[in-house]
Amino acid sequence: MRDGLQFRPMHIPDGILTNRIALSLDALSGASILFASRRFKLELSARMIPIMGVLSAFIFAAQMLNFPVFGGTSGHLVGGALLGIMLGPMAGLLTMATVVVAQALFLQDGGLLALGANIFNIGAITVFSGSAVFRLLGAEQASGRRLALAGFVAGWFSMVLSASACAFQLALSNAVPLGIGLTAMGGYHAVIGVAEGALTAGVISFLHKVRPDLLHRDFTPGFKLVDWAGGLVLVAIPLVVLVLAGSSGLPDPLQSLLAGPSSIADAAVSPLLSNRNQDLYRVLGYLALFALFAAIFLAVRWIRNRKGAS
Amino acid sequence: MKHSFIDRFGDLDSPLHVLDARTKIVGFTALTVAALLIPAGNSGQFFAFFFFIAILAGISQIPLQYVVGRTAVILPFVLLAGLAAPYRGTQRWAWLAALLLRSTLCLLILVLLTNTSRFAEFLRGLRKLGCPRIMAVNLGFLYRYLFVLSDEIMRMRQARDCRRVGALGTISEMKILGSMLGTLMVRSFERADHMYHAMLSRGFSGEFPVAAPRRFSWRDLAFVSLVALFIAATFYL
Amino acid sequence: MTDYAVRITRLNYSYPDGTQALESIDLDLKKGERVALVGPSGAGKSTLLLHLNGVLKGSGTVRILGQTIADGDLKFIRKQVGLLFQDPNDQLFCPTVFEDIAFGPLNLGVDAQEISKRVEKALSDVMLDHSYASRSAHHLSQGERKRVALATVLAMEPNVLALDEPTGNLDPGNRRHLIELIAGLPATLILGTHDLEMVLALCDRTVVLDRGKIHADGETSAILADAGLMEQHGLEVPLSLRSRRG
């Protein structure tokens, strides 16, 4: 394994969110990316292309750099707010979305259908809130402490908001109750957000000292009418999907696709599982599945290699 | 420095590897969706899926430890999330079981999808399926420059470690991390500028050219049909 | 038809922050000439080379094969002038070597059939096996990367080649190979470099650039043997010339 750079899974895998939530977020993220791509094509200069590309690699690599927190755990920079500040919301979204997709593809960190949710939490919310907070605090012309403070708040807020969104998604999927989600995830990210804020502030201040021209590049145009209109349409999409899910006029397969988790009470109970040891049996059964998987896998491999060798 | 954690198995020779990337993306995504639709108690269906995926994995020539290893790494997180669920008693374990089974299946499928194609091929497939050009270009740059950046980070860490004695507190660590990140960011912008000049020098004018054509073969059709039949069979039989 | 491949007249260029990078540069290259551009670090060699294909635009005129850059078709200029960058990593930005080499011709509108042929030819021009086409740049050694970078430029079939520190960071073996490669290229050549031995081997004419101004322009061995001139501009007489004199 590589020395030094480690990674901890932190994106939502498949299976936790209900299909309904996952798909509506897929639709939302997909539409946002299409929208941002369109705006990018029409309005941003080609010069941005390599910048976004290299920064995607930068963020991906930076997210693998850990620093110790509380002796046991470790944290790392997420970078959404930072990108939002430096590149503006459109380019920032595209860059972070790239990172999230790459993490799913290279590290299997985050599920396939859950990509929409992960892009939304880690790509969209952090970038937009970070960028918005920074601008709202009037930090674009600021320097010194004001700049650092704005960076800090932007970074911290992006984490808390992102975690809250995630908690909502989990709650709506009936996977984690809202109370636990908000306190645990929200609380954890409120603390880890201090580090994110500090690092964001640190990098922004560093850049202001060393390459102030990078901070004031005219990257994205300000928010125009088309952005607001686009934003409204985008937000409407998941709502439409959710509403559709409730309607009964849909064909069956589609209906079940959009339905909530299967009724848990329907869980089939086999003869073995009628006593207290059922949990143990379930665990053993699960492990047995792995063993079976391995057996079939190896059998197939062996057969193929024999055929290949002859 | 050599890096091999990405694209390690993309170059293998297997019936899955020779398929067009589009086929694999569509096929494996369909399997994922299907897996997520398996009702909680249908052990038969879960078993069928495991069986099918095991066969596909066996054919793929990817080492067993890798497949299981990648899956196992993510599972504790799933378990944690599962335990937090608002169910009690039998319901809770049923939910957990269904969750684990579904997540495992989806993870196995994802490992197969991402390790049976060269990343460049995968990107081409995505592009043909309608992925926005800028996203495909970005992913390409990320893939290409990840190693360059990781090397730079390694070197910076080594340089830092040479000048460090003992463990420092979190705050000092973070300060150091902050300047490392800042420096890295500046270098990234500089590299991006050079890249831009290099792109311009080779005639780039804003639009990316379309690459070489791809061939579909009977194998692609066979794979997609197989997946479709399998899913239909497990759901309707 | 003009005899000149490159004509630079009174070129001035300042960086965005105001510092003057190039001052009143006059430089003419005849077709087929091989000219070395030497000078201390920061002299402006790279900056000057970037003007040859219109990436940077200063005041004054730059004419390539008779066509002025300001009003000329940039596609034509960029086809005619191939620029090799100092760091091959900046030049190899596609997921595979094939795509990198194909990038230039594709931008020029070369059709799909012809592209594969160009890639093959470019690879053989830099003496790399065609199996390199499917590999990724990050798996290659520095020497291989330099060659692939050169291939990406050669694939556009330019008539003028501007090379920025081609032998930088290369071990002696790879350096020798690269010099042999460059020696065999038919294009008009301008080499920005510190590698004075290479200059002696490849170029008949040498131009000394320092602080954005041209201080000397003449026959290579005469210029490089001039100890006073060399030291004045942060260089030194190359070893082979010293032993000849001493």
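Labels for the chains are A, B and C, by order of writing; each one numbers its residues from 1.
By our rule, contacts are C-beta pairs under 8 Å (C-beta built on N, C-alpha and C of every residue); 3 or more make two chains touch, one makes a residue touch a chain.
Just so it is clear, the structure is predicted and the values come from calculations on it, not from any experiment.
Looking at chain A and chain C, the chains that touch each of them are B. Chain B has the Cα centre that lies closest to the mean of all protein Cα atoms in view. Centroid analysis (C-alpha atoms only) places C farthest from chain B. Between the chains A-B lie more C-beta contact pairs than between any other two chains. Look at where the CA atoms of chain A average out and do the same for chain C: the two points lie 44 Å apart. Separation between the centroids of chain B and chain C, computed from CA atoms only, is 40 Å.
Our note on geometry: chain A versus chain B, Cα centroid distance of 14 Å, whole angstroms.
Within chain C, contacts with two or more other chains are made by residues 93. Annotation for chain B: residues touching 2 or more other chains are 3, 119, 140-141, 143-145, 148, 191, 195, 199, 204-205.
Residues of chain A in contact with two or more other chains: 50, 53. Residues 1-5, 9-10, 13-16, 19, 22, 33-34, 37, 40-41, 46-47, 49-58, 60-62, 64-65, 67-69, 77, 94-95, 97-99, 101-102, 104-106, 108-109, 111-113, 170, 174-177, 180-181, 184, 195, 198-199, 202-203, 206-207, 210-211, 214, 256-257, 261-270, 278-279, 282, 286, 289-290, 292-294, 296-301, 304 of chain A touch chain B in their complex. Within the complex formed with chain A, the residues of chain B that make contact are 3, 5-6, 28-29, 32-33, 35-37, 39-43, 46-47, 50-51, 53-55, 57-59, 61, 64, 67-68, 70-71, 73-74, 77-78, 81-82, 84-87, 90-91, 93-95, 97-104, 106-111, 113-114, 119, 122, 132-135, 137-146, 148-150, 153-154, 157, 170, 173-175, 177-186, 188-189, 191-193, 195-196, 199, 204-206.
The part of chain C that touches chain B in the complex is made up of residues 50, 53-55, 74-75, 78-79, 81-83, 85, 87, 89-96, 99, 102-104, 106-108, 112, 115-116, 134, 136-139, 152-153, 156. Contact residues on chain B toward chain C in their complex (touch as defined above): 2-3, 7, 118-120, 123, 140-141, 143-145, 147-148, 191, 194-195, 197-205, 209-213.
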